[in-house]
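We just call them A, B and C in the order they show up, numbering each chain from 1.
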Amino acid sequence: MLLEVRGLTKRFMGLTAVSDVSFTVEPGEIMGIIGPNGSGKTTLLSMMAGLLAPTAGAVRWQGEEIQHLRPDVIAARGIVKTFQNPQVFAELTVFDNAMVATHLALKRSRGARRLGELVGLGRAAERTLAGQVAEALALCNLGGATRQLAGNLSYGEEKMLGLAMALMCRPRLLLLDEPASGLGREEIDNLVAVLTKVHAAGATLCIVDHKVGFLRGIARRVIALDHGEKIAEGPPEAVLENPAVIEAYLGRAHAPA
Amino acid sequence: MTQLVLGQVLNGAIIGAMYGIIALGITLTFGITGIVNFALGEFMMIGAYATYALAERFGWPYPVAVVPACLIAAAAGYLANKAFFRFTRNNLVNGLLVSIGLISILESAALLFWTATPLEMHFVLPGALRLGEVGLPKMKLVVFAVILAVIVLTYLGLARTWLGRAAFAYAQNPEAAMLMGVHTPRLETAVMLYSTGLAGLGGALYASLYSLEPAMGGVYVLKGMEAAILGGIGSLMGSLWGGVILGVIEGVGSIFLPTAFRDAYGLAILVAILLFRPAGLFGTE
Amino acid sequence: MILRLVLWSALYALPIFVRSDFLLTILIFTFIYGMLGVTLDLIFGFTGQLSMFHPAVFGVSAYMTYLLASKAGLPFWLATIPSALTAVVLAMIVGSICFKFRLKTFYFAVVTLAFAEVIRLVVLNWNSVTNGTLGLVVTGRPTVWLPGMGVVAIKGPVAWYYLTLVSLTLTVIVCARCLSSWMGRCFGAIRLNEDLARTLGIDVFRYKLASFAVGNALASFAGGLYGYYTAYIDPGYLSINQSMDVLAMVLLGGQGTLIGPIVGSLVLTSLPHVIDLRAEARAILYGAILIFTILVMPRGIVGTFNAWRARRAA
């Protein structure tokens, strides 16, 4: 068990966004979280990444409780989250955005020796990182846009930049919040290819999506949320046939894709 | 001793209420319009000098001079908003920088006009009220009562009117209020007039008790901000109480500790309170 | 890059061609204020934290450097070291408090300002050491150790010119090294989007503190120099107006650039020499320049120039 979510609850002034949710993430798997809009998926993921403090419950990472840790500490442990609405440094170039995201990699590989950079040492490490950044950007179909300002990217490109930045953090568990929304057909194909590659390289993935079609292709196991509660868990096909899940979607005029 | 302590408590409460008025004005302006008017202390200074000029130079009775003084301060606030502040909406740092520029201009203008020599008005209302062995100056009691009345009216106004509900909505959930777009030009103008007019009133009252210096605005805005942080950023009533607490601590503190450091006591308390309640006294997480 | 090298070389060559004491004096002040501007820009323009603490370290270091030199008998250049360390300690204390409570934008500005005020009060009232409002007359000259020449005393405008120019150059180099390393990336990330920086694993608290400490440590050298150059130190060094002057320089020259604050310093230090104004009128002018810059030319002189050049190149 890589990560365990136990009784996680989040209330926003009366509104319960996530209610007593428990599940586990096994090493090396691709798991999915589905649920209609407003069912609490983003809130759940944010708590796992330390961006929101839970009202109750615990998140255990390899046995250690992490829900009270700062987001940067959690990221350093290897849990990295992308955003549903892409977050980038709009005033920096695409390349510089990804360079910022090399922070953890550089810290892991050089530690205090980074101080040598201040007197001109360690150029080699920087060059290696720059090479890796270029690779990650090419992988995410941003190879042609490295010198552009991130603020000038299209929505889909911003989203892929967000993914590239998350990849530069070398996550062991990658939390993806609706990575496919706002992307075109071809972009989605590319996204699937990237995720497959990252997974093959050893990362565990936890993907949130409300379009079920995308997850069916890649996730082995999904959990379904509705009104903040977990209503089903199992292989995608089984969960999609679960009456509670159908009700959750159809009841709000969302046909399962 | 009781006399001394009680006197300082009253003094501190009055000064503190002035901090509170500034803090309230800053919080309200920022909350409703997204504009930082850090120069609010200067409008207090304008109100104070206007009162002085009308009462001492033109010989108007003090109560009559107070009203136009407030209007002058509010008019200055209106102009400052039209000329500068409205361009800094939703940019806190620019608002602060423009304010710093304005502080420098207004303070220096006051220096040129009135010189650095402290000015004092004649006693408006001499005499003291005796309670047992404690004597409390009448004018201080009057000023305190006026401030208290203004605060109560402000509170009622905020609770009852649309403007006030918008402000409370902001204080409770800034993001949601911002998304709902709680600002219109007229609301912005109203808030600017109110906050600067209120600061002007604070200045007019101040003038009846203490001596005036061109630099007073800068001091008060600093204390006002400390009060706002102390009370909890975004909390309207918190700003007022934060101000009163700050004022009383300074007043009472300077009885027992060296007066030269009175400006430091408030800060020490502020830091101590932040240590235990990071969101301020009345702020919510 | 080449333009910058030419400019710096020109500055170093200037006294060979120009022997006007008037001009050198203006430039010496420009360099010292430039040091304050560049270090404030590291904290404000690059890391996004509007600090009002600069006058405190500037003043404390001015007193400390002189007192250590005159009372403890340290040579000037050695006395600047404990002053810088003191600046670091002060910055760590104030910075920790502010950053721990996540005070940002104008709340940060106000609390740093309040701390600077407290330090000013201490300096003002600690008569036995600082001589209170009367201040201290600085006697003696700064001494520096030069390779091959041993310890020499600085006297005359040309020597002062080079001492301050070298100090400014070193300040700029240290800032530039920080900014071109991973540290600079962290500073920029914090300025642009603190929350995103956090999710990418950046310890925001630590890097804000680093920026604040480095900026203040370097600013302290300006204090030591200024005290000796003007030969007089008083609590006015720590006044809020200092903050305001330096801020105006940074903004006018161009925040977020290393050259901008120096350009701003040049304009604003030469202004009172070129047109004679009394102090109040000068403050009004500074205020007007500040407001004008923010509302009309937010990138400052250098930023606007760079943007213009980039547009022409494109």
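FYI, a residue touches a chain if its C-beta (ideal position, glycine included) is under 8 Å from a C-beta of that chain, and two chains touch if they have at least 3 such contacts.
Fair warning: this is a prediction, and the values are worked out from it, not measured in the lab.
State which chains count as neighbours of chain A and simultaneously of chain C.
none
Counting only C-beta pairs in contact, which chains form the busiest pair?
Going pair by pair, the biggest contact count turns up for B-C.
Of the chains shown, whose Cα centre falls closest to the middle of all protein Cα atoms?
Centroid comparison flags C as closest.
Mind checking the centre-to-centre distance between chain A and chain C? Centres are C-alpha means, answer in whole Å.
One centre to the other, that is 42 Å.
Between chain B and chain C, what distance separates the C-alpha centroids? Give it in angstrom.
32
Could you please state the distance in Å, as a whole number, between where the Cα atoms of chain A are centred and where those of chain B are centred?
Distance between chain centres: 47 Å.
In the complex formed with chain B, which residues of chain C make contact?
The touching residues are 50, 97, 101-103, 105-107, 109-111, 113-115, 117-118, 121-122, 124-125, 240-241, 244, 247-248, 251, 279-281, 283-284, 286-291, 294-295, 298.
Using the touch rule from the top, collect the residues of chain A that touch chain C in their complex.
49, 51, 70-73, 75-76, 80-81, 87-92, 96, 99-104, 106-107, 114, 117-120, 165, 169
Spell out the part of chain B that touches chain C in their complex, as residue ranges.
The touching residues are 36, 38, 84, 87-88, 92-98, 100-105, 107-109, 111-112, 218, 222, 225-226, 229, 233, 258, 260-261, 263-264, 267, 270-271, 274, 278.
In the complex formed with chain A, which residues of chain C make contact?
The contact residues of chain C facing chain A are 177-178, 181-183, 185-186, 188-189, 192-193, 195-204.
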